[in-house]
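Heads up, the next two complexes both have chain A, just with different partners, chain B and then chain C.
Then we have the complex of A and B:
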């Protein structure tokens, strides 16, 4: 029934920029955009615009807002994932490629260690044989691992591609424009599905989770890295203070955009807390769903398996 | 762990915000599903925050302080960030702006301007007519200035962080009149010219942003220019600034035909060196 109403909403779509806060006028399912109340279509549109505007300064802002700690969070996610060479990863809302690049680095180093171990075992081979085996593996430094970066926003993908070129990532990755609620992939395709700091911006989280379940192979793993809720009251107050007082100011000074970062901190407060997200993931069909808090709950990694 | 189990009964004054002024909506997070807007909070949720004018972003004193510091640093670090200069002006102008507004109120022409709120924009200016005016008139010289320096009056930032609607207009007027200052003082838009105009404006308006700009602007100039600045231009700018009546009290839109010389004399600006 909800899906039907959404379809009707798109027909009566109003021009972007007009907020509809009055309940008597709002005709569609109401959603939140930060602390504002908007219709679903408006929410998608506004979020698209936010990321379109911040794309170029996305990485700089991440570093300044989190004082570089977001890199540690992403590294922890990678270690938890512990991918082996040959893994096919789907990174949704992967935008500027942070997770994808870490994945490639990780499998490359695992692969190197594998090769080194193999070479050690080949102590009794002739030089010719060692040379040949080295040649064969040299062109397979990733071990057939691949990452597909999917994002709904063209600007973010653009920045990601430029970054990949700049950092020298040429193989093992592909860029796809797509919506997490309706992925352009077949069923049972991927070994791992990740969504880092993206699921908060998805308008229908339940659909995104269902899609995640669909495209994962049986035995595949779902991993979600996202801002979550701090239960410690003192820390929570400090965190709120920092979020609401400092972050929009940083947005204005560094990126010239207050409103996008006001949206960011508000959307974090709106997002379901750890247990609720865990329940939603279980509803989508995942098993062994668990979460790990980082930094007292400022960030949480949720994990689930398709069995 | 349910932080917002029940909506608050009414607007909760945020501990860091001045009471009775515009408050950002973050002082009361809504229920998580976004539905069920409580009636008493409906008005507050209108645009997501209390906007006093289009583009207004209410800020707490702490935020203003952080903005002032951040924008000052950024403006020095990257002089092309004009928006940072604008933000600095807005966040530090809390004393100077009311002063300016009162000066305007007490002057007949200034009062007129505050009532009518004219805007200097390409859409409101009749460029063809101004170009047709005789040489030496304010309109003609202003258009010449815009063309020579390839600037447009539409690039001025609208105010965002001023928490009073009338003061927001005052700072907007100040920004739009800036190009006319250049014309009256005969200064181009290079670094040297801008610094001179800043000195003049600092004396005239008392805005801390102008004072800071005037003091730190010369940092990026060569020694030869600094010399010219110190010996001739700045003293002239200061004297003119002190001698002249408030430049915001002039209804420029009604004086396009007036010769620049005569307007200078009327205001009390000494002829440029």
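Then we have the complex of A and C:
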């Protein structure tokens, strides 16, 4: 396993890759797996294996690679979402449940504030009535909000379920095994669809976007949190340096897996930049598509509405 | 105008709500080829209308673009209008907007289109009130022109206009202080100031102001002052039907009228004084010269 020293940000194929592609032409169209070229089927398999291997150390690696900043990114996503109680969220590629747990926390606190405000207005009711209304609302601390976590990888879901049990999240949570390109849900079901650091690993992004459009209710919102393109040249060089020199080493030291983290860094480079992803989302039929860069473009949040 | 890519495939994809909006909104400006489809009832014939309506021609890309662009804004307007009825309960917040979206059959996530502090809702409401006021004043002006009503003197007209405008706040008076504070946020000041000045301008226009000198600014500044102070008095007025507020308004308008009289009096007095001084100066100099000559 050699360290990839290539700093190319353009879509150049290595000659070895081209040879392999010609041999596998019968097996399907060419796709990128990091800086390699593979067929669609191979890509899906390889990505499945990557996440199978890293599942147990996924959260630890996230913290060490991003120096804990990924938590801030996910919090910002939650604030941008601003869900109200009663929202039905679909978290795709949500594996270990980070977004889902944050959603439940947010909705719970909003609901508490709502209840407090209602109680303040109940100044002139009798004690009996106040007691009754409090009882009724107490059992509804989430306000009927629900989150469905969908992931293609069984290992990631397993880790997520264990985490949920450990942290004490019991209600409002469902775990579904499914492929983002072909979701096992009916049309017009969800209020919000999120995919955090997952769309990069989807082989056919356009299919995933179309599925997102299908399962959202009219008025529903699509949110995508993903690594993206840094335009500032100085920062870009520092970022490349960090990505290619530090992250695979961390992967080897902490998770014992150099190759998976090499793939991670390469896949970030191959992902379409902000404007291109915005155009793809618009093509799927979403309106009011917009993106917000976090940390100068290291991460971007794309948002669109099904109108 | 935001440039969107409209490949042929997009026209065939059913946009869940916007097409419905454009079908129901019979007043929308559209190309003539799609006009005839509006006569048929919207719900049942929607699948037939969709491929034909918004896809007049690829040369008509500009028309198609602007039609969808308008629909988005109109949808937002509809959501905000529907949200207004939830304001007394939820305040001027994103929750009210979410409830409004629900009544239109949209998901609560549609409230994410707007800012989370409800500024757009308040600005929308203010702009709607201003439009209502303009229409009211225009109607009354027509009546006067047709001779069916008497032309009011200026102070009465101003009082009537400001009162009519402030009465529109009465259903939301409990939560209006919150709205005012949001309007004063630095982000919202340009828009709210814009709305305020155009409303004051409207009132003066219908009052018959045709000044072209510095008076134009003075009048608007004075009326803005009257309006803002009356609004603040209204916030903490607890008298039946806000009698105290209208009396306050009457006094302020009378003050303003008196002040303008005083101003012109001061000016004429000032002129008289200056003339007197000039005369005195001339007399003194004449006396000096005649003494020198003698």
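The working rule: the second predicted complex is superposed on the first by the 280 of 307 C-alpha atoms of A that agree within 3 Å, B and C clash if a C-alpha of one lies under 4 Å from a C-alpha of the other, contacts with A are read in each partner's own complex, and residues count from 1 in each chain.
Everything below uses one rule, namely that a contact is a pair of C-beta atoms (placed from the backbone, for glycine too) under 8 Å apart; a residue touches a chain by one contact, two chains touch by 3 or more.
Small disclaimer: the values here were computed from a predicted structure and weren't measured.
Under the clash rule set out above, the superposition-derived model of chain A with chain B and chain C shows the two partners fitting side by side. Shared-chain residue A:272: touches chain B; no touch with chain C.
When the shared chain is aligned, no partner comes close enough to touch A:149: not chain B, not chain C. By the touch criterion stated above, A:301 is placed in contact with neither chain B nor chain C.
Look at A:202: by the touch rule set out above, it reaches neither chain B nor chain C. Once chain A of one complex is fitted onto chain A of the other, the partner contacts of A:283 are limited to chain C, with no touch recorded for chain B. Legend: residue contacts after superposition of the two complexes on their common chain; A:35 is shown touching chain B, with no touch to chain C.
Within the superposed three-chain model, A:55 lies out of touch with both chain B and chain C [touch as defined at top].
Aligning both complexes on chain A leaves chain B and chain C separated at their closest CA atoms by 19 Å.
Common to the chain B and chain C interfaces on chain A is no residue. For chain A in complex with chain C, the residues that touch the partner chain are 80-84, 86-87, 114, 188, 191-192, 216-221, 279, 282-283, 285, 287-288, 303, 305-307. Listed in rising order, the residues of chain A touching chain B in the complex are 19, 21-23, 30-32, 34-37, 229, 231, 236, 244-246, 248-250, 252-254, 256, 258-259, 262, 265-266, 269-270, 272-275. Looking at the complex, you find that chain C touches chain A at residues 4-5, 7, 9-10, 13, 15-18, 72, 75, 94-95, 98, 101, 104-113, 116. For chain B in complex with chain A, the residues that touch the partner chain are 1-3, 16, 24-26, 29-30, 32-35, 37, 42, 45-48, 57, 60, 62-63, 66-67, 70-71, 73-74, 81, 83-84, 87, 160.
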